[in-house]
Amino acid sequence: MKLLSRHLSALMISSAILVGGMAIAQAADVVIVTPGGASQEAARKALWEPAAKKLGMTFESDTSESWTEARAQVDAGAVTWDIVSLNMGEVQLAVDAGVIEKLPADIVDRNDFVPGSVNDYCVGNSVFSTVIGYSTAKFGDSGPSNMVEFWDVNKFPGKRGLYRSPRGNIEAAVLALGKSQSEVYDFLSTEEGRKAAFAKLAEIKDHVVWWETGSQATQLVQSGEVDLIYSWNGRVMAAIDAGAPYKIVYKDGLLDNDCYAIVKGSPHPENAITFLKEISKAEYVKDYPKYIAYGGANLKAYEGYDEATLARLTSSPENVAQQYPTNVDFWGKNGTILSEEFDEMLLGN
Amino acid sequence: MTKAKVADGEVAAKSLPIATRSVNKTYGSVVALKDINLDIKSGEFMTLLGPSGSGKTTLLMVLAGFVRPDSGSVKFGDEEVIAKAPHERGIGMMFQNYALFPHMSVATNIAYPLKIRKWPKDKIAAAVDEVLATVQLSGYQARRISELSGGQKQRVALARAIVFKPKILLMDEPLSALDKNLRELMQLELRNMHERLGMTTVLVTHDQREALTMSDRVAVLRNGEIAQIGTSTTLYNAPETAFIAAFLGESAFLHVSARGGIHYYREQAIKVADGQAIPEAGLLVLRPEKLQVADGAEKLPDYNYFDGVLERVLFQGESSVAFVRLVGGELVLVRRQLNESSSLNVSAPGSPLVLSLHKNDSRVVRDDMKR
Amino acid sequence: MTLTPILSNRLNHSTLRKAERREGLSLLSLTLPGIALVASVVLLPLGVMIYLSFIGEDGTFSFEHYIRLWTSPVYGQVFSLTFRVSFFTTLLVAIIGYPLAYVLAQLPDRIQNWALLFVLLPLWTPVLVRTSAWLVLLQDGGLINQSLMGLGLIAEPLALSHNLTGALIGMVQIMLPFLVLPLFASMKAIDHNLMAAASNLGARPSRAFRDVFFPLSLPGFLSGILIVFVLCLGFYVTPAVLGGGRVIMAAMRIDANVRVYSSWGAASSLGVVLLVITILLILVAALVGGKAGRGMFR
């Protein structure tokens, strides 16, 4: 259905062009688009609203779950969005497909930002990671402490919630094979390595509930449907905040970040740059964790945080030390084949 | 196989008598049938006639087995069938809208009751050909039902209802969907068919002309009861109640009182046929074709005379109808064949005239109209 | 002037024909909005999809997407699973839907409207909501398992969700109205007198049903089956959520390809192949079904 609506929207845009080349006028000064949900609400309150007020601008927001929706607009030649939020792993795909604009070099000072969270096309907005969570009702405080233990279905029996996508899971399988965090992507660069990783993933297949969306992950935790989960920290934290007896383990977590990019042919390119510059400032970013358990990418925002806030953030120095970053290039290169091999693993016996 | 033997054996009777006793049926508070006692002779053509809601269709459905009465008995010959399902009764039926199976050909439709009776294939084919010849549709075997005209559908429905030689044939307003000319033709054909095949036949209709034309006897139903039963001529000429007189043919009524064994209309003594009982006050039936316009001043002893005023004359083709207002205010109709010369033809509206009625045509009936 | 009558007759004839043609054209023009809509909503996207499926990653004409569908084993598995899941869902919907529609069609009018409302009600609820509701019922800690465990009937929760069972349950419930509605309509159109006639001619109720009611309800039944089967082929949400990753339908693979490939072709080729297989299947079904249907009462 999601797919259908996406095609429909692309279609409606193209028919609009056919009918009369009618331009879709936007009333607001800038239009910003994210995947929606809790993180969009957090961004609206912490970043967009105060920044727009300061600049005297108006903004509109929209939601999009995949970078391909922006691409449908670009392909159809009817762009209505200015700023889109992408996962860092999607940036290269979007650049290759000609969907996003190169940013001015001075848009932010890269030294202030989490390493790797800013590039020529995208400015980091939040840092999250895929982390292990376990039920304290089932395992007390002595649940799995790393990926090898997460894979141990004898020591930690119970259902495991995993994302129905190779991303993160294939890296986790390598760790479960006993490799160290720094060896993960080297190991996966060979076909034998990938085969071994998929075999490892297939090992626990019968114990896995595969989830599709972040909200489903939260639901699985909250309803006690899974005893262990490997999911985005904000989604697990949301369940814990709502009372679920769960604990997050940062060890072997996979750091990742989302970033803002400007759509090629956006209706308000100057406004977009002004707005993006403003919402990336530490004075706004520092408030982001008030609304969701994700930290901003701007490190200057972390200076005033207390212990409690830092403990919740995957991006605090202490937590970062236990984790390892996603290799965006690896996914840009191997995403397609891994996606197919992953489904093959799921459907195999 | 015994069934097949019975069906084409000469030994078996062609028809069965029907007898109902104390049949009652109510739907909630509505009485559909009330104490129906009906005897239909073997081979008789009986028509159930009545206005809608009179219970005639319900009674037919009771005979067919589609409606189970609350109480009573229904016998086909000596056999009690009241508890039998429709498919166990072995009677033929023609439905109002033919009820031909649209997904089957003409031949398959007609063969259906034989197939169920497990006739061998060659005998089925022969029987279908024969019955199609009977209804004058030879060569129509492979036609689809949707390709047939109304009259042809009618014949196929008849063929299907009689192909297994049922001893009883029921017909539920079978001709109501046909136009007038075709209907009259089919009436004749059905009647001929009945004489040839001889099965006991029960027809339901609301068309009094159809009832009078086709039947040996007619049962007129009203409000779930049999109002009167008899031959067409009896019912028409000797109705017992005003309802029967009004339902069969056209009639006007005059209120009459009874005093000392004589009926009076406005102080005028009414002569009636010799031997007719004079029970009480009632209604005098005036049939338009029995009234005459009295030409001279001479008054014959066997006639009743009524004074009136001609209001208007309507030309109706083979006859014309005059509307005459009697002195008592009643409007009566007088029908005249047009080949007769009559003062009716020349009288101008508003002229006074005198109507005469022979005493043998003067029938006083019970007034049951206000029920 | 003596020729005038003949001449004017001729003129009249050609004028009339012209008028007739003009009228035909103006009637045809009334269908233009419809034709334009179909062209822009159905044919155009279809053409675009077919075109895109032949455009490679580098933007030039290429068969690479079709070659990949052939060489990568996952696509064969996904198509096979999609057709199997659709087949079983349709089978279950048919088995449950036929008696349901039959009962509905027999109900007295007043009750029938309410009963129909209950069949239609789910259609007014978004698929995602209904799917989530099924999750609440079917999951291990869900209503059904908790009740059964509370009653002591089972010790361990039954595996009703996050597998093929869950996906089938959800899909069957969501697809049911799409079969029941056309079937109900075709059952309602069957003249009651036909069953009475069959009965009068000697058929016991089961025989009358087999010979008369069922064949007459068949057109509605078959179109319902076709609608359900085709809708199943493109189903996404319910198998994705209730299938717990174990039921990967073609639509899910199309979505994955849209996300991971930097060209539309990777997804479009899947759509084209799905479309072609579906059309072929329907043609075969129509051929076989038509023959069977014609042969049934000869």
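Chains here go by letter, A, B and C, matching the order in which they are written, and residues are numbered from 1 within each.
What we mean here is this: contacts are C-beta pairs under 8 Å (C-beta built on N, C-alpha and C of every residue); 3 or more make two chains touch, one makes a residue touch a chain.
Note that this is a predicted model, so its numbers are computed, not measured.
**Student:** Which word fits how the chains touch one another: line, ring, star, complete or other?
**Tutor:** Graph shape, chains as nodes and touching pairs as edges: a line.
**Student:** Select the chain whose centre, defined as the mean of its C-alpha atoms, is least distant from the mean of all protein C-alpha atoms.
**Tutor:** C
**Student:** Centre-to-centre on C-alpha atoms, which chain is most distant from chain C?
**Tutor:** B
**Student:** Rounded to a whole Å, what is the gap between the Cα centroids of chain A and chain C?
**Tutor:** Centre-to-centre distance between chain A and chain C: 36 Å.
**Student:** Measuring from the mean C-alpha position of chain B to the mean C-alpha position of chain C, what distance in angstrom results?
**Tutor:** 53
**Student:** Based only on mean CA positions, could you tell me how far chain A sits from chain B in angstrom?
**Tutor:** 86
**Student:** Going by the contact rule already set, what residues in chain B reach two or more other chains?
**Tutor:** Expected reply: no residues.
**Student:** List the residues on chain B that touch chain C in their complex, please.
**Tutor:** Within the complex, chain B touches chain C at residues 64-66, 85-87, 89-93, 95-97, 99-105, 108, 112-113, 116-117, 160, 164.
**Student:** Considering the complex alone, what residue numbers of chain C touch chain B?
**Tutor:** Where chain C meets chain B, its residues are 191, 193-194, 196-205, 207-208, 211-212, 215-216, 297-298.
**Student:** Along chain A, where are the residues that touch chain C in the complex?
**Tutor:** 1-4, 6-7, 11, 14-15, 18, 66-68, 75, 93, 96-97, 159, 162, 164-165, 208-212, 216, 219, 223-225, 335-336, 339-341, 343-344, 346-348
**Student:** Going by the contact rule at the top, pick out the chain C residues touching chain A in the complex.
**Tutor:** Residues in contact with chain A: 40-41, 44-45, 48, 72-75, 77-78, 81, 127-128, 135, 139-141, 162, 234, 236-237, 240-241, 244-246, 248, 251, 253-264, 266.
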